[in-house]
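Below, chain A partners chain B and then partners chain C, in two separate complexes.
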Partner chain A sequence: MIITLTPPQNITSIRCGESTPKLGGVIDVSDFTNLQLLYCSGNDLTEVNGYADNPNIQFLLIASNQLSGPIPDITGMSSLKRFWVMVNQFTGTFPDISGNPDLEVINVGNNNLTGTLPDISAIEFPGSAWGFGFPDLIRFNVYGNSFTGAIPDMVNIPKLKYLLADNNNLTDFTGSFPITLERVFVNSNNLTQTAVDNILRALVDANRVTNMDNAILNIGGTGNSAPSATGIALRNVLVADGWTVFTN
Partner chain B sequence: MGGLYLQTNSIMSYQLITEVNNIQTSETDWWMIYDPVNLDVISSPMQCSGYASSPHNMVIADTEAEVLEFIEQEGLALEDIDHAEFV
Partner chain C sequence: MSVLNNADDIKSGSSQASRVYSANTLVWPTAFWTFNDPAAGTTISGSSLTLSAAATANLGDGTIVNMSAPTDSIDHAY
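Coming up: the complex of A and B.
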């Protein structure tokens, strides 16, 4: 079926909605040059094309479809704020986000991605007021893939609230967390004891002690090391501050 | 184990733990953490081995359905703000 909307350049928002049977096949939004929002989650789409070089799109929700292959190059999406592509079958590596300084949410969870995660605090935005990192990023969701290597240092992610990197093959962490961080799921990786201790240390140093109702760290699960005696002492500090902590 | 309440009946079986201090779970256990004051689920039902410490309450059961039934029975607010977010 071909649906024609005229003129497409006047369209700023597309919501696919839900239907039975689910919407399948291919969507191409390349003619919608002023599109700002594309919501097409929970369908059976096999391809969504024509969005990756659109500098006007701010919100892209194409989660829970049948999308496969590499995540397109999104460096041309200079206005992108929220990028949800979770629960698909994407392969390849984590996308290059060096062209997306306004990112607030990135969720690539539950795909088949491999390789290492970028050092997002070290990504430079020349000419910006802040220089490095992502000043507005609140959610970094990479869970349920096969990422290896280190959990990124979050030193230049000052508003980060959610870090969900569970169920990967991550091994290391060195760095710091912002005080805003309150949901940390890094369970079921291959984190070394040093990495586990470093995560506990980074959260203690962040010194979040207010608005603790939702504060949780899960660093347990199959594959992760148990904390050392020093790590256990750090865990006890977090619990005393109001954190829910789950370790091996 | 302090603060442990075990309920078993024909419908479901679970452990309600009110003093969550280094509570061990196995790979097969289903568990969740909730705030008994605000009745909010802090950590959605999951299977994950390890040791939990928390100022909140913990429920451990054999199946996810039992945990979900507890949530419904107690009128807890279950909003997945983590893995199923769209905000």
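Coming up: the complex of A and C.
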């Protein structure tokens, strides 16, 4: 069975709603040249096609489906603000986000992605007012994959609030965090003691001391090292500042 | 064989065509959502579209929904 929407150029946002029982199937938005929002989460879709070269889409929300294969090349989505593809079966590597300067939210959690995470603070946007990094990014969710290597330095992510990178195989961290950061879940990785200490140091240096009700750092779980004596002292500083901290 | 190229205002007799097939293949308009025939009673709820001008949804079971800007719904029970 086929649903058609005509004329596609008159449609600027599509919310698929929820099908009961779930319809599955394939969505194709290649003719929707003026589309700004596509929200088709939770329908067991096996394919969503035709969005990756659309420069007008700002919100792509296709979580909790049955999407598989590599995440398409989204560098042509120059207006993209929210990219939700969590809880699918995507494979391959983290997408190239060097063409998406307006990103506010990226969530690729609970897929089957591998490889390393990009050094997002070092991504350059020539001609922009800020140069490097993502000035509007508030959520960087990569949890529940098989990423290896380093947690990215967040020095050029000035509005970041949520860094959810738990349940991967990450080992390292060197860098800094913004004062805005309030939820850091990096539990159940393979973080070295140096990485654990560096995360604690970066949060102490960020010096968040207000609005601490939701300030949580989880650096424990299976695989991560315990902090050193220096790290424990840093942890105590964070707790005194109002952070809820979990370590091994 | 007839060839339609950049056709506009396609009609069958005096009736506006809503779809054009080549054999069993839909060639116009492009399918938005393709899925196996749903069980009777399957519902779509919570759907909505934002429109810059009027549009039409063909829900595949003979249901045609004429939609008005700025927003409209294609909630449906099959």
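The rule is simple: the second predicted complex is superposed on the first by the 248 of 248 C-alpha atoms of A that agree within 3 Å, B and C clash if a C-alpha of one lies under 4 Å from a C-alpha of the other, contacts with A are read in each partner's own complex, and residues count from 1 in each chain.
The rule we apply is simple: contacts are C-beta pairs under 8 Å (C-beta built on N, C-alpha and C of every residue); 3 or more make two chains touch, one makes a residue touch a chain.
Since we're looking at a predicted model, the values are computed, not measured.
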| item | value |
| --- | --- |
| Partners on chain A (chain B, chain C) - clash or fit | fit |
| Partner chain(s) touched by A:70 [first = chain B, second = chain C, both, neither] | neither |
| Included angle at chain A between vectors to chain C and chain B, based on C-alpha centres and rounded to the nearest 10 degrees | 110 |
| Chain B versus chain C as contact partner of A:92, first or second or both or neither | neither |
| Partner chain(s) touched by A:220 [first = chain B, second = chain C, both, neither] | first |
| Contacts of A:17 with chain B and chain C, given as first, second, both or neither | second |
| First (chain B), second (chain C), both or neither touched by A:115 | neither |
| Partner chain(s) touched by A:7 [first = chain B, second = chain C, both, neither] | second |
| Contacts of A:29 with chain B and chain C, given as first, second, both or neither | second |
| Touching partner for A:131 - first (chain B), second (chain C), both, neither | neither |
| Closest approach of chain C to chain B (Cα atoms, Å) | 16 |
| Partner chain A, residues of chain B touching it in the complex | 20, 27, 33, 35, 38, 40, 42-43, 48-56, 81-83, 85-87 |
| Parts of chain A lying in touch with chain B, wherever the complex brings them together | 41, 61, 63, 84, 105, 107, 109-110, 139, 141, 143, 162, 164, 183, 185, 187-188, 212-214, 216, 218-222, 235-236, 239, 242-248 |
| In the complex with chain C, residue positions of chain A that touch it | 1-21, 23-31, 34, 36-37 |
| Partner chain A, residues of chain C touching it in the complex | 18-19, 26, 29-39, 42-61, 69, 74-75, 78 |
